[in-house]
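Chain naming follows the written order as A, B, C and D, and within any one chain the residues start at number 1.
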Amino acid sequence: MVDGGADANRIKVQIQHEDFDAAAEVAALTKGRLDVGAVVTFTGLCRDEGAKLTALELEHYPGMAEDEIARVAAEAENRWSLLGGVAIHRYGKIAPGENIVLVVIASSHRAAAFAAAEFMMDYLKTRAPFWKKEHLADGGAGDWVEARDADDHAADRWRKA
Amino acid sequence: MVDGGADANRIKVQIQHEDFDAAAEVAALTKGRLDVGAVVTFTGLCRDEGAKLTALELEHYPGMAEDEIARVAAEAENRWSLLGGVAIHRYGKIAPGENIVLVVIASSHRAAAFAAAEFMMDYLKTRAPFWKKEHLADGGAGDWVEARDADDHAADRWRKA
Amino acid sequence: MAPELKLSYFAWVRERVGKSDETLNPPADVRTIADLIAWLSSRGEEYAYAFDNPTVIRAAMDRKHVKQDSAIEGAREIAFFPPMTGG
Amino acid sequence: MAPELKLSYFAWVRERVGKSDETLNPPADVRTIADLIAWLSSRGEEYAYAFDNPTVIRAAMDRKHVKQDSAIEGAREIAFFPPMTGG
């Protein structure tokens, strides 16, 4: 068993415009490790909403975006027994079919990996300072995407748990 | 939006000895699609249990393994609005650090993708006819891995939902 | 003549029985999976050992999970195995 | 002299205010986030428009989420924005 030390088990957080490579992130997390039994990967992609959109523009609050996702990550590390993870959120103009967000969680067991990954996404959705503006296919000015009550409810679930 | 027809939204099931390429499966599921907003990937790996094991030997019931995972997949397609998926389970001798099982679920929204992927894994654990035998590092004859009550409870959760 | 029935064994059930499959003709009064387990157990030490604790034994009929009180009439293949540990 | 406070605006709050940030010196009786919203709203139409419906406005103080009844004393940077839609 390769022991990468305490830091190897921490969740890495990155905010970037560039695309990410989910497979490379998973490979880096599991490389040389024989204690990882479960890896859950969530990829969020830009949808075209039935050909309505040509892009989403993601605005973010630099500095706070990293800090807030790191706080969510620290909470996940605290709640579950994890062996590492990655959270990457893109900003800027993103076309339908492109990646927006990546969360990878490695653990010995699947229940912790699933729970931590879903928790990260639910919290990130409602707490990370990102806002999406639509670019419309018809050339018109798009709206800011409205926050969904379902996302608040999804995040609230974890308080009762 | 590329419409691959009804079959493009079905979950593909494969039982094989060979390793799988999770990234290639995800790429195939999302290629050319602009309606996928969420992809959840679960990879189950062989652990060495603190250097105790040199391998796991996975025995399976050919024919029934495919059928049973296909039944679990059909149930997931029925319960959630999915845009495609893959379930691959390996058999034979698998070394620590190697892949055992892959479940990928694509959906418009993350809640369905997470739920369907976790449901697939919980059901697959307790219903798919696979059995693991340990190969011990000290050369001794290993035991058959015992079924965990936690897995039965995980599967039972979905009945109440 | 009783119909032929293929029996398959997996994991430690297979190891204890000493074979992975066989074709047998159970008598007519063997009507359920539980009857079949009892009948097999009477056929020799290896079966008695394999079916030592019938409550942990799982069964599949024609590749579908069945309970031990299920009728076996019409079955072509019945498999016995311990609780599954895949995934 | 009142201490300088950096204010940042994001998404449609930024668009309505017409700038992404500015440095202001709120009067001493502006003690909470809610006070700050009320004071800003009194400074011009663009602010009144941005803070039209204060209940939907979210705030962060020195890059941490805060409620509108939070005291702003000691803050260096306060940001206003709509509910987040990342992920």
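In this text, a residue touches a chain if its C-beta (ideal position, glycine included) is under 8 Å from a C-beta of that chain, and two chains touch if they have at least 3 such contacts.
Source: prediction; values computed, not measured.
For chain A, the chain whose average C-alpha position is most distant is C.
Work out the mean CA point of chain B and of chain D, and you get 48 Å between them.
Between chain A and chain D, the centres computed from C-alpha atoms are 27 Å apart. Computed from the mean C-alpha positions, the centre of chain A lies at a distance of 22 Å from the centre of chain B.
Annotation for chain D: residues 87 touch two or more other chains.
In chain A, the residues touching two or more other chains are 44, 110, 121. Applying the touch definition to all chain combinations yields A-B, A-D, B-C. Residues 44, 58-61, 63-65, 67-68, 89, 100-101, 121, 124-133, 144-147, 151 of chain A touch chain D in their complex.
Those residues of chain D lying in contact with chain A across their complex are 8, 10-12, 14, 60, 63-65, 79, 81-87. For chain B in complex with chain A, the touching residues are 1, 22-23, 26, 30, 32-48, 50-51, 96-97, 108, 110-111, 113-114, 117-118, 121, 150, 154.
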